[in-house]
Amino acid sequence: MSDFTTYFGAFLGVLFTLAVYSFLYRENPWSRLAEHMFIGSAIGYGIAYDLDWMRSQWEGRWSLTSTGVTAFAFALLLGLLWYFRFSRKYFWLYRIPLAIITGTGLGLAFRTVVFAQLLTQVKATAGIQLVGVDAWTAFNNLLSAVMVVCVLLYFTFTVRQTHPVWKPINVFARYTMMAGFGAAYGYTILTRMSLYIGRCQFLLGVPPYAPENKTFFPWIALLILVTLIGYDLYVKSRASAKT
Amino acid sequence: MLQSGRVSGLIYLLIVAASALYFIKRGEKGNIPEIRRVSGLDAIEEAIGRATEMGRPVFCSHGISGLSDATYGPQTIAGLSVLNYVARLCARYATRVIVPVRQVSVYPIAREIVETAYKLEGKPEQFRPEDIVYLSGFQFGYSLGYMSLMERERAGANIMVGAYWAESLQLSETGARVGALQVSGTANTHQIPFFVVATDYTLIGEEIYAAGAYLSKDPAMVGSIVAQDIGKFIGIALIVLGVIVGLSGTNYIVKLLEM
Amino acid sequence: MAWYKRVEIPIIITAICALIQILPYYFTLGASVEDFQATFVNWQMVVGTGATFVGAIAILQLHIPRIMKRRPQWEYSTALVAMFVIMLIFGLPIRELGLGLDNSVFEFLYGNVLTPLSSTMYSIIAFFIASAAYRAFRARSLEATILLVAGSLLLLKNAPIGTAVWPGFGTIGDWLFNVPNMSTQRAILIGGALGAIVLGVRAMTGYERGYLRGGGE
Amino acid sequence: MVAEGETIWDKLENIDRRILYLLIWIVVLPPLISPIGLPISISPSTVAYYEAIEKLPPGSMVVVSFDFGLSALGELYPIAVATFHHLFSRPVKFAIIATWNEGPIVAKMIIDKLNPEQTYHKVYGEDWIFLGWAPGGEQAMAALGRDIWGTITKDYIYKKPVSQYPIMQHLKSAKDVDILISLETGTPGADEWVRQWWEPYHVPMLVACIGVMAPTVAPYVQAGQCLGLLPGLRAGAEYEKLLGRPELATAAADAISTSHILVLAFVIIGNIGYFAKRRRRME
């Protein structure tokens, strides 16, 4: 890569990163530009990848046999039906490819979900070790089995929970969930901060990010800040001129 | 004929599937099974009552997802059932209800729900179509619009049931700041903690479907809840039996499930 | 309504496509059935990819009129459309013309425009979380308190400074993760699996039509 | 907002959000510029992930899947780099796939950075291969499990038919795979892999995910469906330490500390203000 593209790339990267962050000050032209550029490039990128996959499917698989050619042509034809979504009159045609995709997806999930997410989980809880392990492990195993059962009971809705035994079960289930969601809370904060830290590493040019970023960072930050405040003053002055 | 190791799964599957169909069919004949009223609904009533006393509007949203997605669609539907309930109560108490919408496809449905609620309460003239607000298709555009609307209108209650993502935080933070009594609910697990700590009452996960089914009395929704309960009770029974049998050293229940 | 427009037809297609995947999983129906099933999955991926322009059209329907009629913010729409067109043209899979995923313009744009934008867009939530932590995370009930305390312990587990000050934060954090969290998630997973099964049954029998809704007649 | 009788508690409850935002910049940037290097203790789950790769017998077949896009770069990029370094330094074979269409960008960034031919003397097409992306999410996973050649017909780098590469002679379906590593942020991700690869073929999994997803993977770990879990950037730093190769995650460690402490401080200050006001109101 030439020097120019390296510098220009770093410049754009820093500019767009800071343009997004300028949203924190307030919604503004920089952040709006960034949002639109993001959407435009993401859609273009997605289509390019789809088409690339289509071409290699055609060349590497379907074009090799005559049945393949027919099947591929038929698939393309069905694929065109998606676009009747935009027609009021022929809207119903769009439901055909939709039904194929949804049906296959449902079927694929349906066939294994009962094992992977139901029976294996039930089995893992039903098969906990209580004998032959140390007391602390046995206690935790038993505790987690009780917790699973109580939370499951909490999420049943057909039994009228009038008997007094339900109250402690539900309270225990809710406390279990709150302690459990504490983990979700902690890890969510970790993720959000990590993503932000990653962007800061980018801005500071921490290797492997381009060291040029560091040079651009303060200048572009200054540029955005000045324009933001300038824009604010401009809007204010226009508003006062009107009244 | 049967694939080995998949018999127990097939049986489980068939029991749940058959009971779903049975209870849906039964429901269609008017024999709707009874399901428990989840306590979150009382909190909604209280929130609306308080907003009415204060003379402030009620905000009610149904998440940011559309209707067609397999996992998020049902959440939106549950949110719309709650909206129906909220709109009826608001119409009864003559309290304004504001509905911020993110999906174009949901907008007409939300509007129709509120309009019908006012008609059913005999006050069609009080329905304000401009209170069903389409904000923006973009996630943060939507939440920005929602937040400023809550601040401007001084929301007295904010009821959010549906599929929410990062905006859950922004909305509940703003709601708390303007002093609205907030009831939230979502099945997006990673957002539940934020709803729990930032709003006054939270419907957790499947509770939103149960609330939706309880309020709508739709046979398909109620039948599904019943079938899922049956599936849960089987699971619970297997766990309890397995733990007890496991004390003997060999676990026959686990072996049975590996069939 | 004409018979071919009826909603029953897509429902039947849904059911057939689902059964093609389900039946061979439970019953031994022979290698040819399994081959057909596998080919079918691949084939429907081609059908699905046919929809690639749908999202683009929906977005362009919004932005092109905005540019043509010079409506407010049309400048931003121009940037969006220009970006889209450039990305698309240079990324077209015509290697004979030097275009495609390894085209240098395409690579430059995704590396220096799409990458920073996309990764920054979601990192901004860090700020919202922090400000909400200050403004809205209140121990207003016992349940919220349990959550806040457990969450704070997890923060101390994840922050190297926490475990450096007292290794116990690591142990407590791991316990919270492996016992209450695992149990909660497992119960939710089981509930979710049952929900998926029931949803599948409803879709195959036509009781669930949510996915077919919208527009049209 | 400045009213009569405004106490310190009111002030504590009403700090402008932009000041909070500024504080976040202030606590995160300095430790990145000059790290303090606090010690990082290693948790058992990180050891399990490391050991699973370390103990793979020579010649094992690994599939690494990029189930994330650019949005998760900050957290998963360092982890992915470390994982690839580990794989390249071991005598195992592996294939790279992606179920998210931005996955190949990240994979390419890592390959360019690690330079496997020079640094590790690994031959493309023999020791490893970059297969690229397949559309359709869960459907793609199912299709790949059954038939890799037919789902991704050409490799990502040279666009040649995959059947021409020596490594692919030993990799036709999920049955040939000894371990699957999913680098994931959500849907499709671990849930779908468990359904499409673990359940029908019993391919063991390793999951490296963004922190948000970690709690949802816990049941799979306990049930033995997932052999090891790297939950987020902190675990990434631990992994780098085990590999003896401190990089981006280690460099971020101090910033994780400062930012987490700041959030904790925000929670505490907010609650102090809240309770003080509530007590005054009660009096």
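Just a few scattered comments:
Lettered A, B, C and D in written order, each chain numbered from 1.
Rule of thumb we're sticking to: a contact is a pair of C-beta atoms (placed from the backbone, for glycine too) under 8 Å apart; a residue touches a chain by one contact, two chains touch by 3 or more.
All values reported here derive from a predicted model rather than from experimental measurement.
Here A-B and A-C are compared, and the pair linked by more C-beta contacts is A-C. Chain centres here are means of the Cα atoms, and by that rule the chain farthest away from chain A is B.
Chain A and chain B have Cα centroids separated by 21 Å.
The geometric centre of chain B is 31 Å away from that of chain D, both derived from CA atoms.
The distance from the centre of chain A to the centre of chain C, with each centre set as the mean of the Cα atoms, comes to 5 Å.
Between chain C and chain D the centroid-to-centroid distance comes to 17 Å (mean Cα coordinates, whole Å). Annotation for chain A: residues touching 2 or more other chains are 23-24, 35, 45-46, 49-50, 53, 56-57, 61, 101-102, 104-106, 108-109, 112-118, 121-125, 144-145, 148, 152, 155, 177-178, 180-190, 193, 195-196, 198-199.
Shown for chain B are the residues in touch with two or more other chains, namely 6, 9, 13, 70, 189-190, 193-194, 196-197, 205-206, 231-232, 235. Residues of chain C found to touch two or more other chains are 21, 25-26, 41-42, 44-45, 48-49, 101, 110-111, 114-115, 118-119, 121-123, 125-127, 129, 131, 133, 135-138, 140, 143-144, 147-148, 151-152, 155, 158, 177-178, 181-182, 185-186, 188-191, 194, 196-197, 199, 211-212, 215. Contacts from chain A toward chain B in the complex involve residues 23, 27, 35, 102, 105-106, 114-115, 118-119, 122-123, 125-131, 142, 145, 148-149, 152-153, 155-161, 177-178, 181-182, 184-185, 188. Across the interface of their complex, chain D is touched by residues 21, 25, 38-39, 41-42, 44-45, 48-49, 95, 101, 110-111, 114-115, 118-119, 121-123, 126-127, 129-131, 133-140, 148, 152, 155-156, 158-164, 167, 170, 174, 177-178, 181-182, 185-186, 189 of chain C.
Only residues 25-28, 122, 125, 128-129, 131-132, 135-138, 140, 143-144, 147-148, 151, 185, 188, 190-191, 194-199, 201-202, 205, 207-208, 210-215 of chain C touch chain B when the two sit together in their complex. Against chain A, the residues of chain B that register as touching in their complex are 6, 8-9, 12-13, 33-36, 38, 70, 138, 140, 144, 189-190, 192-194, 196-197, 204-207, 210, 213-214, 225-226, 229, 231-233, 235-236, 238-243, 246-247, 249, 251, 253-254, 257-258. Contacts from chain A toward chain D in the complex involve residues 24-25, 45-46, 49-50, 53, 56-57, 59-61, 101, 104-105, 108-109, 112-113, 115-117, 120-121, 123-124, 144, 180, 183-184, 186-191, 193-201, 204, 206, 208.
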